[in-house]
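Labels run A, B, C, D, E and F following the written order; every chain starts at residue 1.
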Amino acid sequence: MADPLVEEFNAYRSRMNEQISGAKNLIINRLFNLDTNCYEPGTVDVVTKEMIGLACSMVLRCDDCVKYHLGKCHELGVTDQQIFEVFSIANLIGGTIVIPHLRRAVEYWQALNKN
Amino acid sequence: MADPLVEEFNAYRSRMNEQISGAKNLIINRLFNLDTNCYEPGTVDVVTKEMIGLACSMVLRCDDCVKYHLGKCHELGVTDQQIFEVFSIANLIGGTIVIPHLRRAVEYWQALNKN
Amino acid sequence: MADPLVEEFNAYRSRMNEQISGAKNLIINRLFNLDTNCYEPGTVDVVTKEMIGLACSMVLRCDDCVKYHLGKCHELGVTDQQIFEVFSIANLIGGTIVIPHLRRAVEYWQALNKN
Amino acid sequence: MADPLVEEFNAYRSRMNEQISGAKNLIINRLFNLDTNCYEPGTVDVVTKEMIGLACSMVLRCDDCVKYHLGKCHELGVTDQQIFEVFSIANLIGGTIVIPHLRRAVEYWQALNKN
Amino acid sequence: MADPLVEEFNAYRSRMNEQISGAKNLIINRLFNLDTNCYEPGTVDVVTKEMIGLACSMVLRCDDCVKYHLGKCHELGVTDQQIFEVFSIANLIGGTIVIPHLRRAVEYWQALNKN
Amino acid sequence: MADPLVEEFNAYRSRMNEQISGAKNLIINRLFNLDTNCYEPGTVDVVTKEMIGLACSMVLRCDDCVKYHLGKCHELGVTDQQIFEVFSIANLIGGTIVIPHLRRAVEYWQALNKN
């Protein structure tokens, strides 16, 4: 079973996504669809796309977005060493202001590894 | 009575604003005054100003600022459909990185509706 | 005829949008379509939507986005005083870091007024 | 003994820094070293450097970074009045979007003063 | 006489500030006044305040704001070595994304030194 | 020979990097070294790293950083279709505020293709 940190994140995300889609705002629902389509296989492979999503989330310092892409990377079998290389690029580009988000990302990655 | 989510936000905000104003830093206190004056009726009406404040808070991804302007919009009678239209503009401008903030905004808006 | 500042902005924008759409990337083209749909009349009126777009562009400090929404506001008959009220909200939310963008926005608004 | 707010922040920070350094990613570990070296005495004195770190953290709206530099400023004997002057510069540059972070910063500074 | 880079920056700034103040928007004019007052001597000295303003401008990546505070630091006799120490803090906090702004800052600093 | 857009970018970049390194600030020079090391082959391949760098630069809206990574991607043989897929991810994450930067990125990519 999933670690509570992972469980709680996924449950809240699912619950609120349902509320949002239920509001039937066409622009928002299409934006969510685009978001799904965007990470599907193309001329850039899925692992690369998820790494890009992870790094962008990190430099923009969005903990929830980081968690989401970490979950996807974990499913896709990205290794610890690869994840830390992506972290290193994001931290260098984004600077030390990213470090607190790195801490939470590492904690979440460890939670995913415990599953 | 207010939903705990709303209650807690307002209480913390009031308590800390008092601490801040008590420190008697002239620049900060004037900035707070400007903030109050800025949303008063002018050639742009108050509802539009609060919608602008809400959308700006969302693209800048400040949950507390979003909550504050949601509270004001609620008092002013902004409808669910209008709020989601403002959300849609902010989410499109700000991108999918805004989605986690949208989730929390929707949760807070629902809490305001429960009151 | 349009002021050179306005002319140049519109010409570059049109030319590059054509190049982008010609690349036939489905996600990007759909995002551009969403962008058009988002500012169409709804339960929030078009002027308010453009003011929201303008203020968000200003706090996010994107000169070209500011210019685009200034152009739309101008077409819609927004007055000088209203534009400055929107500017004032954006500058207060975004802080003095926004001031250089305010300068360029005022210059562009004056160019639109000359047309 | 330290206030729980301070205690908890420092404990989490130390624990996760250890995990990060244990991952032995060369880029990240060097970035952490640079971070330490950067705030050492130079032609700019340490108090000024910490004030700069604090203000930058505030305009970039990173609560944990703000807490860290507040801790350092407290150790270095920076006064309440000086801290509020730094807050005022950061809040003016960063705008009212910084206010929720100012609230949490003031709360943390008070916790440091209780120790 | 001033280097053209410095001359042009100051001339545009003065001209547009006049236009802005002439629009007589109370919020904006008060914000500009606060901006002036904020950097006046207090319990934090003027050089430190300008260094803080410079570093914040750099991490927020506003070239014009960087130029303004570089001009002030130059007037106040801040040395090359001190400026580079401030740059180093800002670049470390803000990451490599700040480097293009560092390039333009160094170019402007050299222009100020030529005067 | 290189397109003037590419030529000018590279020349300014080289010239200012030399000035920066000549200032002998240890922190800045080490940060530049880290920047070089970070994109070297590791458990994540070089093309993926450059795509990550490109996408992060785009969501952080730094035109010069985008240009730099576009140049690297071009050298590495990244295709038009792949570049637009990276663009699409960055634009979706970062929102329509990124579009003006997309325009300039497409213009620069076309300049690289002309070489």
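The working rule: contacts are C-beta pairs under 8 Å (C-beta built on N, C-alpha and C of every residue); 3 or more make two chains touch, one makes a residue touch a chain.
The chain lineup, named per UniProt: A, B, C, D, E, F = Carboxymuconolactone decarboxylase family protein.
Note that the structure is predicted; figures quoted are calculated from it, not measured.
A.B. asks: Matching E-F on over half of contact pairs, by residue number: which of A-E, C-D or C-E?
C.D. replies: Checked against E-F: the matching pair is C-E.
A.B. asks: Which pair, A-B or D-F, has more C-beta contacts?
C.D. replies: Pair with more contacting C-beta pairs, A-B versus D-F: A-B.
A.B. asks: Relative to chain B, which chain's C-alpha centre is the most remote?
C.D. replies: F
A.B. asks: With centres defined as the mean C-alpha position, give me the chain A-chain D separation in Å.
C.D. replies: About 27 Å, centre to centre.
A.B. asks: Go ahead and note the Å separation of the Cα centroids belonging to chain A and chain C.
C.D. replies: Each chain reduced to its C-alpha mean, chain A and chain C end up 31 Å apart.
A.B. asks: Averaging over Cα atoms per chain, report the distance between chain A and chain F in Å.
C.D. replies: That gives a centre separation of 23 Å.
A.B. asks: Enumerate the residues of chain B that touch no fewer than two other chains.
C.D. replies: Correct list: 27, 31, 34-35, 38, 56-57, 59-60, 65, 81, 85, 88-89, 91-94, 96-97.
A.B. asks: Think of each chain as a node with edges to the chains it touches; is that a line, ring, star, complete or other?
C.D. replies: complete
A.B. asks: Which bits of chain C are touching chain B when the two form their complex?
C.D. replies: 34-35, 38-39, 42-44, 48-49, 51-53, 55-57, 59-60, 65, 79, 81-82, 85-86, 88-90, 92-94
A.B. asks: Mind pulling up the chain F residues that touch chain E in the complex?
C.D. replies: Going through chain F, the ones touching chain E are 12-13, 16-17, 19-20, 23, 25, 27-28, 31-32, 35, 56-57, 60, 62-65.
A.B. asks: State the interface residues of chain A toward chain C in the complex, per the touch definition above.
C.D. replies: Listed in rising order, the residues are 26-27, 30-31, 34, 37-38.
A.B. asks: Mind listing the chain B positions that touch chain A in their complex?
C.D. replies: Its residues touching chain A are 61, 80-81, 84-85, 87-89, 91-92, 96-97, 99-100, 102-104, 106-107, 110.
A.B. asks: Quick one: which bits of chain E touch chain A in the complex? Just the residue numbers, please.
C.D. replies: My answer: residues 59, 91-98.
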